[in-house]
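Scrolling down, you'll hit the structures one after another.
First chain A sits with chain B, and in the next complex the same chain sits with chain C.
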Partner chain A sequence: MGIFTLVPFADVLKRSFFHGMSREFAGFENYISVLGNEAFRLAAFNTFRFVVLCVPALMLISLLLSVILSLCKFGADFFKTTMLVPMALPAASVAFLWRAMFHKNGLINRLLIFMGIGAIDFMNTDMAFYILTVCYIWKNSGYDMVLWTASLSNISSSLYEAASVDGAGHIRQFFFITLPGLKQDFFIIGILSLINSFKVFREAYLVGGSYPHTSMYMLQHLFNNWFASLEMEKLCAGSVMVAFVIFLLILLLKRVLKEE
Partner chain B sequence: MKKFFNINIIILAVFSLFVWLPLAMIAGGSFMSGDEFQESLSPVFEEGDSENMAKWNIIPKYPTLRPYVEVLIDSPGFFVMFWNTCKIVFPVLAGQLLICVPAAWGFARYDFRFKNTLLLLYMVLMLMPFQVTMVSNYLVLDRLKLINTHMGIILPAVFSTFPVFIMYSFFRSVPISMIEAAEIDGAGELEIFIYIGLPMGAPGIVSIIVLGFMEYWSIIEPPLIFLKDKSLWPLSLFMPDIASGSGGLYLAASVLMIIPSMLVFLFGKKYLEKGIRAAGLKE
Partner chain C sequence: MKKIKKPLLLFVCCSALLFLISCGGRGKESPAVIGEQPAMGRYVEKALKYPADDVEGAIKVKKSDGSLDLYLYFDQFSRCVLYNTSDGIEYEKIDVPWYEELIEMQYDLRSIAYDSSDNKYLLIWTEGINKVYRVTEDNKFEEIQMEWYEWKDSPSEDMKVYADEMIVAANGDFLLSQAGNGIVQYSPDGKFKSRYGSEYIERFTFSGDSLFIIEEDSSQIAVYDLNTHEQKTTVNYDNMTGDAILTAGSEGSIYLTDRSGVYRLAEGGSLWEKIIEGELTSLSIPSMYSGGVIETRPGEFYISFYSSESNSSIFKYEYDENISTMPGTELTVYTLTENSTLRQTTGEFQRKNPDIRVNIIVGIDNDSSVTKEDAVKALNTEIIAGKGPDIILLDGMDVDSYISKGILADLSGVVKEVNESGEKLMDSVVNTYESDSKIFAVPAKFNAPSMWIDQEYAGSVKNLKDLAKFAKSHNDRQAVPFSSYRDLLEIFSLSSGPAWFDRDGNIDEKSMAEFLVNIKEIYDSGRKFNDGGENSEKTDPKITDKSYVFDWAFGRSYSYCSNLKSYNSATSPFLAISERNGGVVIPLPGQAENVLIPVNIIGINSKTDKIDVAEEFVKIMLSSAVQNPQIYDGFPVNIKSLEHGAEGKGNENLYFGLTNHSESAELIGEELSGPMPSAQELKKVMEMCLNLKTPYIPDDMLLEMIIDETEEYFNGDTTVEQAVSQIKERTKLYLSE
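On to the complex of A and B.
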């Protein structure tokens, strides 16, 4: 059994070893040049903005959905399935639909013109970023909803009964029982949402290619482009920094939640 | 209370519409003839400015099976890519079962030094976007001479950490007393794993397969980076040259690609939920 645990561990070691080696090879100069790089700043800013906006939005929306769903007397199973369906859709199909919908001559604009609002060039303005956000929430709300539902089911129903005997309404019950009850799962759901937020690159890439509109130019695009142009030292320095930031983020989140 | 309930239903219904409408569009659109596709959607895919707006009839004006015939019979490329996808997905799943399940068992069953550190390390690795580990992956694969082979995609995926996490939480729910009872009866480590661990972890194994299938069925980044030879590309990178008039094929191909994923999803839905939940339980 030890061997089986060691095999993945060896892989882990190997990976970390290679990160370390590239750092030694490159020295700190690369870090400085990467930090000064305009494309890196743009991409890091976009990625940061995306994560900060998306992850809480997704968590909130899916939490509301799962609360609504838990109040549903019938049809809950149907809606649950429905919300998980986007997970099973291949990224390429999503990207195709996206293009048909949000292109300058696309379906949404047709509707907007019909309603007398006038066309918006979604893909070549800052709107592109928000469409990416919507796409992410659309795709992942089912996943998060299942997590929240599991978390909700851990809250004992006697608490709710006691509260309604004391005369607390639905809203009050939500804030004083549901939210505190969910606290312990915030961390892990946040982490899983974060993982999925990196995967949105698939759609972004299939829609926008290597150089999409600047508002959705992510670190992933940048890394891909660096890779394509064989700028290894930048890539390594960038990777190490991102890895470091993610590591810090996890430690920070863990600490914050433990203190509570 | 009654009113509140109705609002909930409306919210859910709107959400469902957002899900089912696109699906209906893809399914319906796949029966469009090449000409109709061109007429309806060329404004979106043409280069340069076009005055026309795109349209999309969910039920095509002249439904036809031609796109399917063309994809299935007249385009060998589709089959090659379909097989490429299979050649990646199934070995990955098999490999993950072979590696991740025993690894998770080891984590759940034994206490050893640095176990928590190792788990944290796993979690960090799980979080890394592909682009961050891309270089190290590339260097390793290059040394093993696996660049531009399917093996180069499969191997890193087999050692991914996410399935380990899922199995870990499934195995941790195996009652200790059960294992102790088996030990008293003289069962060896391997026997305990096979006769207690595996059956108890069966739902977890199914959920790994379901989640893994959906993940690797639409794998994008690794093949894009590590496979230089386009004849090795999987179906997820299938993008026919829409401008040249073969766009009608695309939707039919999409439907054919969605079907396996949907089937796995529908049959494995129960386990999928379990798997998602297991990932969220603890640590």
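On to the complex of A and C.
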């Protein structure tokens, strides 16, 4: 951990205070330049919007799925496996599927034209962002569902039996037994979902390339392009800021859960 | 226990770090180092001087005594002299009276072959038929009555028997490569014996009773028995470049020569042994074409070359056991894609510096799935780690970014030295990346966006606005041939791109709007002439496609536009000029004036420890030795070479033909043919090139965005303001990064 993460990060931190390759001390110049960069601001906003929208939605949907699955009398294993299939699909295949479906001349547009509605260039409008969101939830809900299921299995069944005897229905049981019982795993599942949300870049990149529609333009796009054009000082300053924000988020989440 | 845990952990971490540090950052070692002692010995190339000047071509034949007969051609192949040499230094001149007779009879000599007793045999082409002659002791001809094996499906009577190469096997049989029949074997008295291989095989040799043929798909070499006529075996032919030549060697071996080197296959063997490294010799020079290696005595080799300018040269290869197998010093040169000028420079550099090996790293190999972005990232990683190449060919890369990061060394001294050596460079091109009197990258060549148009109209289309006006007023045919709006954007972006940006590097709305309006006017005036009507678009149209030259040649358009890459690429428009009896070449009209496209942009890594060697490499790249040869990837930046190219040397006997392959049935069969452009014509291209002043590096990414965002505008669905706004929005990220 120290060698492969902290040492390189220390190098990144150091580079963020120097000019490119010349190693001339720059102070906070790189940070100011990055904050003033329009592309960075847009990418940061999109990434933030994506995380804020997707992570809670994913956690909620996967929790509901795992609860439904736990109530299933038959075929629970089959559905569990089915939900995990998207996770096993290579990113390139998913991107290909998207293209085939959402392209200007894709399957959905064929259907829309057949129905008398005009074609929509999904990937070149603001809809691209929502398609990306759906893709992320579709791909990761199976994984989160398995995590929630493991967490659910830790809640003693005697608590549910006692609640039933006391006359509590499924909804009351969910809010008063299940949710408090999942609290201790909430943190780790939240962090894993957050980390997985950054991986959606692969699909976004394969569908839209280095410069996708502005709504899909994430921090990873920007960092990728900065690396290609050797903007190392900007890349390092941007990375430090992102790491700092994630670190703060984790601390915040930890504190909130601790207080509760 | 706890007390020792922390120091132990610290120790382990420090050890791991030290281990990691010691693993990386090692200096480059010679690839051929065994222990401390480098492997020694390799074949060294030595240029030989022909015993006469102005040699236009050479046929070399090995004699049974191990000497070499050289038939040298002069005066446009009208004269031939035979020289015999045993060492490549001393020559004995022997008259060839029979050659004059051949010329008188208007016979075309295709091939000379010797049998094991040094009897000479000639393969002749005359009046549509082949003949084989034996040269008698008193230098007379004696025709051998050949029982020709004809090509059954021949497209014409002339082609039924069409042989272009002949060798005499050990048993005296003739082996000829015949069009449509592969290799055909005839007995010494001309009787047909057998045929081998598929229809169009040309590359073959023999050893003893075995015939070796490179199969048509170049996948392997088939070995046949010349007595039983059966295929004996096959030999693997992997990892070698195309255009390989097979020749017979001593002791039953055969040799294969290609650009990567000379390989030997021992008698009965199945593995190739590389004996001469192509990269260290002239074999790798793109403008030189080898005629295959000849082994006169065991271990003594000769290769003759001819160049794109019809010059001939010969080299001897001798084994030097005192020289290291691979040169100890390595100069690494990085290029994103294969580049002929770079190869040419490497060849010339290698000749002058046999102790330095130039290692060309090609980022995007044709056979790999590496994308440009992957390749650039890999290069950047190397540069950041301080292990980047010594020299970088910057085509396709973000040169400005490399300059601003201090990656490239100042080349102003190199440019100055070349200029002072009497080889003047074009300032407008070499100063493309000039800043504060420093030059960080030098384009070695350039392309010239140009327009071919009638003299009377040339004065009225000085810029894009004029051209749009012209298109509107002359709408009886296309002003510029195109298939879709994409064509027009692609070509005129070359001459308008420099005007699109404001001082901050953002899109200048006014200029972009003006560009789109003008292109739309040209588009609207000419779209009705497209085959499929208003919405016709070819799948992958390119305005520089040669088929558009037919539109101009046969009066379907007022002009023809092209991005000229060499004098050679001016051939088809000059043929069009002679077809339509008029026309001139002018710089492509646009929003900027006299635009040129710099290519083969070379830079030196400022961190290299071989700066002197790298500078020497760049000097050679800019010198006439590299700039003179016609390798068709750009006009030379060296003015002397530009003038040399305009002389059209080597064009004298060439004839060029072009047929229209249009999808439209009525246009198929249109033909442009004639001699290559004369020196007078090429001079006009040169004069235009010398007037080009504005360098512009096209940005493919930006152009793609503009093309995407203007489709609706060209279809009439949006206004120009909306189109410009869409372009600004789309390119905002790209330009602001």
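Note that in this section the second predicted complex is superposed on the first by the 228 of 260 C-alpha atoms of A that agree within 3 Å, B and C clash if a C-alpha of one lies under 4 Å from a C-alpha of the other, contacts with A are read in each partner's own complex, and residues count from 1 in each chain.
Here, a residue touches a chain if its C-beta (ideal position, glycine included) is under 8 Å from a C-beta of that chain, and two chains touch if they have at least 3 such contacts.
None of these values were measured; they are calculated from a predicted model.
Participant: Based on the superposed arrangement, let me know which partner A:202 touches: chain B (first), chain C (second), both, or neither?
Facilitator: Touch status of A:202: first partner only.
Participant: Would you sort A:99 into first (chain B), second (chain C), both or neither based on which partner it touches?
Facilitator: Touch partner of A:99: chain B, not chain C.
Participant: Specify the partner with more touching residues on chain A, choosing between chain B and chain C.
Facilitator: B
Participant: Looking at A:37 after the superposition, I want to know if it touches chain B, chain C, both of them or none. Which is it: first, second, both, neither?
Facilitator: Once the two structures are laid over each other on A, A:37 reaches chain C alone.
Participant: I'd like to know which partner A:217 touches here: chain B for first, chain C for second, both or neither.
Facilitator: Second partner only, chain C.
Participant: Contacts for A:181 in the overlay, against chain B (first) and chain C (second): which applies, first, second, both or neither?
Facilitator: After superposing on A, A:181 lies clear of both chain B and chain C.
Participant: Have a look at where A:227 lands relative to chain B and chain C in the superposition and call it first, second, both or neither.
Facilitator: Both chain B and chain C are touched by A:227.
Participant: Just which bits of chain A does chain B share with chain C as contact spots?
Facilitator: Overlap of chain B and chain C footprints on chain A: residues 2, 7, 22, 224, 227, 232.
Participant: Under the touch definition given earlier, write down the residues of chain C that touch chain A in their complex.
Facilitator: Per the touch definition, chain C meets chain A at residues 13, 16-17, 20, 373, 376-377, 380, 383-384, 398, 401-402, 404-407, 701, 705, 708, 729, 732-734, 736-737.
Participant: In the complex formed with chain B, which residues of chain A make contact?
Facilitator: Residues 1-2, 4-5, 7-9, 11-12, 14-15, 18-19, 22, 65, 68-69, 71-73, 75, 78-93, 96-97, 99-100, 103, 105-107, 109-110, 113, 138, 141, 143, 146-147, 150-151, 170, 185, 188-189, 191-192, 194-195, 198-199, 201-202, 205-206, 219-220, 223-224, 227, 232, 235-236, 239, 242-243, 246-247, 250.
Participant: Which part of chain B faces chain A closely enough to touch in the complex?
Facilitator: These residues of chain B touch chain A: 4-5, 8-9, 11-12, 15-16, 18-20, 22-23, 25-26, 41, 43-45, 50, 52-56, 99-100, 102-103, 105-107, 109-110, 118, 120-140, 159, 161, 164, 189, 193, 214, 217-218, 220-221, 224-225, 236-239, 250-251, 254, 257-258, 261-262, 264-265, 269, 272-273, 276-277, 279-283.
Participant: Please output the residues of chain A touching chain C within their complex, sorted ascending.
Facilitator: For this pair, the touching residues of chain A are 2-3, 7, 20-22, 37-39, 42, 124, 210-211, 214, 217, 222, 224-232.
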